[in-house]
Amino acid sequence: MSGMSKIVKTIASLAFPFVMIYGLYIIAHGHLTPGGGFQGGAIVASGAAMILVAYGSVWTMGKVKEKHLSTLESTGAIVFIGTAILGLLFAGVFFNNFLFDSNLIFNIVPTGGSTVGILNSAGTLPIMNFAVGLKVVAGLFAIVLVMAYATTKMGGNEK
Amino acid sequence: MIPLANPVPYIAVIGLVLVGLFAVVFKRNLIKIVIGITIIESGVNLFLITLGYRENSIAPIYTSSPGGLMSLPVPQALTLTSIVIGVAVLALMISFIVHIYRHYNTLDASKIRGDEE
Amino acid sequence: MSKRNFAAVIFFTIVAVFLFFTALMMHPFGIFDDNNQPEMDDRIIDNSQTETGANNAVTGVVFDYRGFDTLGEATVLFTAVAGVILVFRRLKK
Amino acid sequence: MLDQIISTFETGSGFWNPLVWLTALVIAFLIIYILRGFGKREYKKGTDQTQAFLSGNPEYEKDKMHVKANNVYWGFTESLKSVYNFFDKMHTGNVSDYVLWFVIIMGILFLIFGVI
Amino acid sequence: MNDILSILVNHSPALIVAVPLFGAFLTPLVGMINDKLRNVFVIFITLLTGFFAVILVNEVFTNGIKTYCFGAENPSVNPVVRIFFEVDGMSAFMALIAVILPIVAVIYSWGFAKEETGQSKYYTLILLMTAGILGMVLTGDMFNFFVFLEITSISSAALVAFWTNKKNSVQAAFKYIVISSIGALMVLFAIAIFYGQYNALNMAVIANSIGFGFLDKIALVVLIAALTMKAAIAPMHMWLPDAYSGAPSPVTVVIVGTTLASLYGVFRVVFTIYGKQFLTILRSFGDFAVTPSLIIGVFIVVLAVLTMIIGVFMALKSNNFKRMIGYAAVAEIGYMILAVGSAISTYFIPTGTTTVTMAEHGKMALTGGIFHMINDALDIGLLFLVAGAVYYATKETSLNKLGGLSRKMKYTTVFFLIGLFAVSGLPPMNGFASKLIIYQSTYQVNPVLAIVAILCSIMLLAVFVKVFHSAFLGPEISSIKNVKEVPRSMLIAMGILAALIIFFGLFPEFVITNIVEPAKNALLNSSEYISAILGGV
């Protein structure tokens, strides 16, 4: 697949930054508004998939290797489980929200009831949101990319 | 004493599950079988999310909320997990189908058999 | 109709009937009466701000109360990616 | 610790101690070995004594002498052909059938619990 | 030093899952540096997991049930909102099985998978599978169980399709994932019913508040059907020979663990969650009372007899080495559930209608069934490793094309003989010890069951004698003349399993009193499981 027409390519590359910003917003505000790492990650990954469809899998494979995506995904996963293990080291329980109500970042405790959201709250939750977001972006895009590339190679008359 | 208050959402759930199961049992095309599994999964997800609804409630989010009764958050979290798992399973099943088609040149489930030896 | 489809239809109908009754027997949609209060969820709604600091109770559940499930879920996605890459890898000839 | 390891194991209607059994086995083998010593020593290597005798026919190549797995227990499968036909029909290899069996088991269990 | 150890013991339920997960996430990165380093790393991770498993098991067997809450030191238990790990004797027993198999598999893979591409992903998935099995057997939360069930099924399905150039592997993987995803979705359906009724996901809480109404019956049926399908009980066993024969041998060894973990799920649901309602009298005919335990027990026994018979008959006919062992594995599963089914139907009976001796026999049958689980894992594992070694040396699994291997592969032949003795229940191997218990106790329940079991065992012997004759004995076959003994790592892996088999066989009483009895007691006392979380409520 060598990609679609010029119109599609242009529009896809124009829309991609907006999709990405929107996805990042969803990830960053996961602990305040509807959304979170998975949802935002899926949005960014679908933006990337749009680029993939517009430009074709061979071109995209030239820019991004599945190895890099795999590394990125591993990094996300390690950050996620690492946060959980840090909870074990600092607070004595696996998966403890050790940043919450501490004197580091993300430490503001919201007053109860309906409030305006404070981004700097919720302890380890934003970190985990970002880790999961990274993981989902890399993971979903890797799945789409690998499948598209492999089927392009296999397609045609080859049995 | 069957409570007939409003079982329509639950009936929709069961309908989805049955439609999916029907597709898996009676359809021969592998893609349709996969679609059937996806439908079962949607049914179960709908079941979970249905259990979380409370009458006259708002989303369980405090950021500028109007206040009042909130719907249950746990089923929403479970559904989120279940959806992601569904995506993962779907991706893997589709990749197997790609390979099966390469080997067998057909998607007829009754012709996809292993070697006896 | 083949023998197989005949058996399939019969047992499918049985399963359908029983599942249909399941739908009727569930607690009424959206109504929680006095002896069926969602204690677990009410506790989460009441305490998610003070215990996790998240305004979004769902995120509180996903990443704090049931954080281990989310680790499992992330692992599932990781597994699927590893599986897809493994299945589409280049085989040595 | 040691007596716990080698203790006899009671099954409720019998007992089993592998070490005693092993001892018995070793003694039995010793007796057999001694008995074997009484046998005749007329076996000579390199003579016709070691040749296979196929009613006077020449011996086949080594490959062909080996009974293949397909032919082992041929009589058993042949005499139980009806049973095997049934089992073969069951193992269709079709994934829909696999799920159908699941539906059938679920239906049977539903019926049992529903009727009682 | 003691402080560190006690901290480790305290956190071992979390670490035992976290370590293989962490290792799995790290493996692709380590794999970029060096192949050998990655193999060492993976073996180290599995050994570390094994270490945590051993200290956890030791703790559980000496101090009783261990619970671990994720996320809070002093969690609220009324209601239970957080995820709990609850390790009782049965979980600890399963954890032992679940760590032995991956250790063997990764050691074996060092030699076996040397020539393959994609090894990083391969080892990653094996570690994920390990983590999944451990999570399944240790968790005390229904939804968590579902999540780990999915992890194991996805990773094992991907590994079944490891040889994508073989159509057998790919179709087996597809069938396996269809079966397991439907099973998992049905489990989720039952979990949703529980959640809707009791607003709880914790097993102990559900077990505490469970009744036996219509919805509970539906949930029970769906759970039993789905989990027995995943545990390959006839007539839902057909995916097993496909998947076992399609997968590379070391992977199959770990998949044996996933099958047993699903069986553990059946036990957990039946014994713990529904344990309180076992004696509800559904209907009585005069003196004869129909209870859930009777129905479930008889149903399981019927399926068990079917499983054994179908397993051995199909194995006898099969001409593919791995497929044959797959069918033998089905038959072995039949033995376990035969014992457990007869235990359920005799032990859980309304007071006054049973005799004390009968309940004792039921208990003994349960011991035999549980003991047979670990024996089955070891025996079938060893046989699959031998099949893998034969495949590695000859690139052939069809028994028709094999012959005379014992001339070149001496050690493999010895290991095969040990596996043959063990799986067909010949003394002094471990299979004999557990099968003896099963024969004797089921004979007290119903003599027909014991006779069927013994006949099936004889046929299993016949099956493997056929393999021994056609693959290992006989003259050298000209088409596979250049056979060599397999690399040392594979021999070491087979040796570990063989040593365990002989140890278990020679000292059955030691093994039973130390690891099987606690598991049995844990299954029989569901109230202990409940009070460990709810604190004597």
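Every chain is named by a letter (A, B, C, D and E) in the order it is written, and numbering of its residues begins at 1.
Definition applied: a contact is a pair of C-beta atoms (placed from the backbone, for glycine too) under 8 Å apart; a residue touches a chain by one contact, two chains touch by 3 or more.
Here the structure is a predicted model, which means the values were calculated and not measured.
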item: Per-chain CA centroid nearest to the all-protein CA mean; value: E
item: Chain D and chain E, separation of their C-alpha mean positions in angstrom; value: 23
item: Whole-Å gap between the CA centroids of chain A and chain D; value: 56
item: Whole-Å gap between the CA centroids of chain C and chain D; value: 45
item: Distance between the centres, which are taken as Cα means, of chain C and chain B, whole angstrom; value: 9
item: Numbers and ranges of chain C residues touching at least 2 other chains; value: 8, 12, 15, 18-19, 22, 25-27, 38, 40-41, 44, 49, 55-56, 58, 60, 62, 64, 66-73, 75-85, 87-88
item: For chain E, residues that touch 2 or more chains besides their own; value: 21, 25, 28, 70-71, 143, 147, 150, 154, 157-158, 161, 164, 174, 178, 182, 196, 201, 218, 242, 319, 398, 400
item: Chain D: positions in contact with at least two other chains; value: 93, 95, 97, 99-100, 103-104, 106, 110, 114
item: Contacting chain pairs - touch in the sense defined above; value: A-B, A-C, A-E, B-C, B-D, B-E, C-D, C-E, D-E
item: Chain C residues within the chain E interface of the complex; value: 18-19, 21-22, 25-27, 36-41, 43-44, 64-69, 71-73, 75-76, 78-80, 82-92
item: Contact set on chain C toward chain A in their complex; value: 49-56, 58-60, 62-64, 67-68, 70-71, 73-75, 77-78, 80-82, 84-85, 88
item: Residues of chain E that touch chain B when the two form their complex; value: 143, 147, 150, 154, 157-158, 161, 164, 167-168, 170-174, 177-178, 181-182, 185, 188-189, 192, 195-196, 201, 242, 245-246, 318-320, 323, 397-398, 400
item: Partner chain B, residues of chain A touching it in the complex; value: 32-34, 36, 38, 110, 113-117, 136, 140, 143, 147, 150-151, 154, 159
item: Interfacial residue positions of chain B with respect to chain C in the complex; value: 2-11, 13-14, 17-18, 21-22, 25-26, 50, 52-55, 60-63, 70, 72-74, 76-78, 80-81, 84-85, 87-89, 91-92, 95-96, 99
